[in-house]
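Okay, so subunit A shows up in both of these, paired with subunit B first and subunit C after.
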Partner chain A sequence: MSTRVSRRDVLKLMSGVAVGTLFTPVPWKLLDDLAIRTQNEGWIAHPRRGKLGFVPTHCSLCPAGCALNLRCVGNVPVSLSAIPTHTMGAGKPCPYGLVLHHFAGHPDRLRGAQVLDAARGGLQAEAQWERQLQRWLKEAMARGGAQSVAVLDPNPGRALSSCYRAFLGSLGGGRYLVPPSQESLLRELSRAAGLPEGTQLAYELSNCRTLLSFSAPVLEGWGTPGRVLPRLRSVESQGASERARLIQASPIPNVSARLADHWYRIRPGSEAAFALGVARVLLDRGWYDSSPASREILTRETELLSLISDTSLDAVSLATGVSQEELERSAWRLSHEGPSLVVQGDPSSGVAADASVSRMVFLLNVLLGATRSQGTLKTKASLPLPHCLRSHGAVAATSLESIPDASLQLLLIDGSRLSSALPMAQIRRKMEPQGRIVALTPYAGKLARACDLVLPTSAPLEGWDEVEAACDLALPRFALARPVFDTKAEYIDPVQLLQRLSPDPKFLSALGPKPSYEKLLRDQSDALYELDEGRVIEPWTEDGKASRASSSSAQWEALLRGAEWYGEGMSWKSMEGPALIGADAAQTLRRSMERARTRALVPARFEQLCVLPLGSGVGSTGEPVPPLLAKLCRESTLLSRAGTIYLNPQTARVMGLRSGQRVQFEGPWGAETARVQLSERVEPSSLVAATSLASGVFGDEVRS
Partner chain B sequence: MRSLPRIPLFAVGAAAALLLGWLVFPSFLYERIDQPLHFSHALHTSDSVGLSCSDCHGFDDEGRFAGIPVTRVCADCHEEMVTDSEFERRLVEDYVTADREIVWKIYARQPENVYFPHASHVVLAEIDCARCHGDHGASEALRPLERNRLSGYSRDIWGTSVSRFAASDSPRMKMGDCCACHRQSKVTTGCLDCHR
Partner chain C sequence: MKQSTEATHRYAMAIDLDRCTGCGACMMACAVENNLSVCPPEAGVRKGITWIRVYRVEGPSKDEPDTVFIPLLCQQCGHHAPCAQVCPQNAVEIDAKTGIVFQMPERCLGCRYCMAACPYHARYFNWWTPAWPPEIERCLNPDVAPRMRGVVEKCNFCHGRLHEARARAAAEGRRELEEHEYQPACREACPVNAITFGDLNNPESEISKLVKSLRAFRLLEGLGTEPKVYYLSSRKWVHKIDRVLDTSDQEVALNV
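This part shows the complex of A and B:
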């Protein structure tokens, strides 16, 4: 007897096997196990095993300075968590802070000094960097004097900043420059208020109930997020009535605008006009602060007040695109739902770099009583100089935009930590054609590629760093971020570098034969201890009580353990006495109003677009971010992408551009190449560019 | 020549696959590795000896789990023979006297990229050891470690039920199980709380 197995029989059997297999654990178990196997193969790096330990420290990426607890295996940080009892960070670090321990291992980490090779278009190793730098410094001094040598410090207010200023003083008067930032705006406000030169101001949000923000990214890492965000957003933890209301007047649809309680989409460049309209309503209705100090200011500002009273709300409405009713409603909220505060964003947030905005912001703050003793705008005491710098004359800070074009021969940029993009186009304008730019940075990123010489500094957790107070903190603050990695990576100590470059043989000699950043910080801590007004807080303790250290050594030890020093009693006072907004304020404001009105009246021409820089924060700087976040940064709509411009689809259609296309656009600052992204949120007359492309070029018209 | 009787070949194939998938596949997937020494948790936690889990699996001064006890911990009681057990004789002669560590096969070893703080779960949250490890304390003998031939993980991570459908209360320690427990306890976590 023989049997015949047909093809149909085989197929039936195999089908049965296939269907039966689907109802067994084989498919998903194999899938799971094979996935795990591929993750654990030998060629994939594994975290080492070892004794677990915890190191308290601070994140130094931004002035928020969140207190962190690093989880280390041996001396390698493997993860971290934020300390919830920390007053500033509130246990909620930003995504960058959460991967702070990944920065040091970035593939683009610089391993030695590099020079820009223009011919090859890249960075080449430079062994003789110190000799070359000394030569450039001598040449610059010989050609343009000390004034042609400058240091650009994006993080002023540190002990290292004092060291830069003393170094420039030792050259005979170099320039200490700060890029546009909240600190430079506050300095501008201080100047507008007629306060003595060098007086620092700070916003105080703790008792603010209504915040009017001109494009400041207040919900996107502005100031100290741990203090600002709960005040503006935490409805769950506080009663809705206790939460401060946010009124955002901004031409850019950024996250803060979309999350604000009220968003007025003003025309680009019409911030001063909007402020003027609100001031007009406050004055007309008598809704302003009637304290003697405010009245004193107002009696001096006759020209400004007459301009305000001569400008009709119709004209303001035309210039800003905001109706009269909305202007009146904003003024009512600010005056009746106070204490109120008015803040402005820096040029990287899309606000015109226009002195009239600062002056109108200050005037509004005066009218709203923000400068009174319980107000929301405070003067702020600065940290005392470290002992080692007291015998050296330090130069004053100057804003980058205020120095003449083509006036710098040698510029040293401290790019060790960039929390917002540098206005490279503006920087290039300030350099002489033969001028040299030297950067201190840990990475071969966008900054490094724009400089003639790049010197590697330590990445986060590799070297010493410090945390300064943010713009929303009137108390002086000092906290350390000490090295945690036992790294053998070669990086340059900035203090040693300055000592070697200084022509003064006694410069920093007080720190001993081999000065270092660590010694400078220790010296700063000792100077703080002598103040008698400082208190040390250990953030990880539940009560968070402040106490005075028993000795300077005990204070230093506490700081090393992650404690923070606050200058209690040094400040926390409001501005007193009469202040002068500025004699030229009316003229500046008049010009600003004219510009805004012209923009509103003249129909937009598509070949000439108004550039609005967008975004701040580490992600917009063009510097490398840890691989874990790279995907998030590329795909997230929350972060502006370096190298991207945003256009209205209507604009793009007229110009014949499509999404994803690479275009070159140029303006007075030079040409940039970027990828086009279409967005209905962008006004047809505007071009929104990530800050690393166009920071500091607001209002420049662009031809694309 | 005549064709096969009308056998339901589809059903036969399906039945064979189910049989192989549910019974043969799991036993093939896991290799069984014996522990180096017999140990009775039941005896040690019984009234006659009276130990508790934390007597041997303790926490150090900083609240960290001390892991599997080292030989020194056993030597506290077994410096010399206290019974006439053959297993105890091996412990004393081969390990305690020779000052050698016992290479226990660990049922609950998590992958390298996972950090699990026992202190916060056992001390702060007061979760019973058996919640994740099962009723080890009642076992008469240490069962062999069942090691997955593909992933290298212990079977205890996946759970004793290969389907993960049945015996849902039985201990298992995959990421989804951690997340489910956290959700149930209303404890929020981020990726980097557990992953390095």
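This part shows the complex of A and C:
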């Protein structure tokens, strides 16, 4: 046999190998490896690797201040989880809090000061911002005096708020303004109750069994979600006696309304009328609280009570669109299934910006016994002032709507964290034509575009911040959100800004040679330590017990570790002394009733619609949200898309609009463009806006 | 194919629809935990990736309006999972130890047969290369690898957390996990505790008790796929929700 290998044999072998290989795992293995390689090549993002560590802190996006455990690689948080054992925040952050570590990396971050340049049509980088701001301050003081300089603080009650007030005091009496919010409503309620100026109120839901809400988004992140939601959404089989019933009186078909136990779809602007109807039934049937304190209040309110008795339930029914039987049923539930509490939403929730609503809410709370010692409406002690600001005359808080129009020359807005939309239309009305708006904000967002000068400030987890108590917590509380990311020099510290602006040497010396927000917070911690009633709690430690810190520095160290201070024994007080709802309440209420009746009697005009907001909270501010959150809004349709308006098909037909069409609608605040969606659930005379319109526009008549 | 009934554990989830408020915290927690990519704005409802997606369904009665929010995720079929049946690449695997249906993106060739086969529409295709803004990219969860363009992905009950829990237990010399040691991100984030997660093979677990209640039901039970995601509701019409749930057209926002 010949062993000679021919060329032909070699070719045959090679062909055989090639064909045979196809029947082996080799090509499939190669394909698999190629897939793995392509998946891990440079164009795919690589998560950070390194030593893992945990940093307990608090979410600073809203006053709920949920406690969070940040999981960090180095100093970069890579994920976060709530701390379920947390006493105050109850460890249940909202969707915005869950993406807290993405806020600092938003592509729309401001990297430097920017000034509005009308000639160049927008914001331009400004290196000389400090000199310019000082010049504006001097001009404003010269033209309108200290009263024409104001600070708008959307988060009052912080140590930084005290600093703003002291700064305005150092100017000789500037204005410290607060926008409409749940906290400002509570202040309004406190005023309606005739309580001393500065007394804070809080809702206490832990013993509430029936909650009547006037458009407050109670199931959509209102108050502290971890405390409010389990109270209202536990299941029958899992402790029915513990669950509070929700009665929602609201014109808006939002989630809170549709998931409520009873939803009364009232006409827009008829909240006070509905409350009046319920009060009428309570008084007629004798279903009201008969404690001496309540009786004393009622004997003083003769004018208001006579208005209530003069108003027939027929008139209320006409104004609200709710039948008499339903009014009686809701009054029965509130009086017989108590303890009850009545709360109201702010204007961004669709409630008419009308003082009569607050007064009627307070009256209902009095009638239902919510103001008694075991009631559901409590007074809350204020935090003491930081040491450095004690010798300074601080100005009092004023609500934005109460100051005259065109009265401000210079307004500084603290937009470092916005938890609800700012009423920009109202703000512009308060400014003089030559007035300047300056904002501290982390983003080049809606607020920045509305200002003359924008100063960059740190985003959450990037700078110092503090957490105050939400509207559903009667205990005074103090917790820190300290920087986790590296602090960048270009971000402006608000305390340092005030120090640079103030002309008062006393204020400057009080703040010290190198003031900072951190030092102010340390001062606040020391002031709290001096109170005997304060306790510090570290819920993630093994014993998790509250105790008094051994020293002020030990307390500060604990706060830096993520602990929380709360004023044990400083609250849970009922309202002492007789309260007075106010002599003008009856007149305000009469006007409100008249408006509601007129609105009900006049047929709906399709060319002029009543704007109702859809959604409130961090997402409604118009400021950028992290891309992941924006993606979920786009892709899931769970959260309404910004820039969408909802119309009844009948309205759309009359106006010649179709679904998906882009329309411009305008009102006193200016014009907005949005996409039309049709929904049978929207009343023909209303327009529901899922836009980030400023809260000042809601309830206004608009032309589209 | 090994069926999950033979598994050591049978991890399952029960979602109480009478508690859910549709807040979206589960969706957000899932997206952060599993490094879901930020798709471009043109990715709408159909092309976006959301491993758990909450739908709103209206009740049948017009006189008494009733609304339910239903979070829809991979139902972790325990019997003849349709996606596993059709995958030509064996990229879908049912873990014998846990009963979890896994999608292996390394094997996936992107044919999307599994998406067509899935009766729950709980699978998502990467139409774009995953991308994040640079400052956010550094905040990605190191326990989960981002997936490439052209592969399918879906919920895997936060498998990264299972690995981590196992590693922690092994470091302590244990082989078995306590129930609280392994919980998916959605369950952890739910503010109303509507989600319960646990092992069906443990008769003492809370989930074992919940799935036996009269309130429990599963979606499309008639298909015989034995899903391991249970829903709970006292409302009878909600038990028939799979007849009205239309996941293909959700253009109208759910809030109105």
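Annotations for the structure displayed:
The rule is simple: the second predicted complex is superposed on the first by the 629 of 704 C-alpha atoms of A that agree within 3 Å, B and C clash if a C-alpha of one lies under 4 Å from a C-alpha of the other, contacts with A are read in each partner's own complex, and residues count from 1 in each chain.
Rule of thumb we're sticking to: contacts are C-beta pairs under 8 Å (C-beta built on N, C-alpha and C of every residue); 3 or more make two chains touch, one makes a residue touch a chain.
What you see is a predicted model; the values in this text were computed from it and never measured.
With both structures placed on the common chain, the touch criterion links A:Ser81 to subunit B and to subunit C. Of the two partner chains placed around the shared chain by superposition, subunit B and subunit C are both touched by A:Val99. Contact with neither subunit B nor subunit C is seen for A:Glu594 once the two complexes are overlaid on the shared chain. Of the two partner chains placed around the shared chain by superposition, subunit B is the only one that A:Ser15 touches, whereas subunit C remains out of contact.
By the touch criterion stated above, A:Pro253 is placed in contact with subunit C alone, subunit B being left untouched.
Of the two partner chains placed by superposition, subunit B and subunit C are both touched by A:Arg49. Among subunit B and subunit C, the chain that touches a larger number of residues in subunit A is C. In the superposed pair of complexes, A:Leu34 makes contact with subunit B only, with no contact to subunit C.
Of the two partner chains placed around the shared chain by superposition, subunit C is the only one that A:Gln677 touches, whereas subunit B remains out of contact.
Overlap of the subunit B and subunit C interfaces on subunit A: residues 32, 36, 39-40, 47, 49, 52, 78-81, 98-99. Contact residues of subunit C toward subunit A in the complex are 16, 18-19, 21-25, 27-29, 31-33, 35-36, 38-39, 41, 43-45, 48-50, 53-54, 56, 65, 67, 105-109, 129-148, 151, 188-194, 213, 215, 232, 234, 250-256. Contact residues of subunit A toward subunit B in the complex are 1-6, 9, 12-21, 23-26, 29-30, 32-34, 36-37, 39-40, 46-47, 49, 52, 71, 78-81, 98-99.
Listed in rising order, the residues of subunit A touching subunit C in the complex are 32, 35-36, 38-40, 43-45, 47-50, 52, 73, 76-82, 92-95, 98-99, 101-102, 104-107, 109, 219-221, 225-226, 229-230, 233-237, 253-255, 258-259, 263, 614-615, 626-632, 634-641, 644, 646, 677-679, 681-682, 688, 690. Touching subunit A in their complex are the following residues of subunit B: 1-4, 9-18, 20-22, 25-26, 29, 64, 111-113, 115, 148, 150-153, 158, 162-164, 190, 192-193, 195-196.
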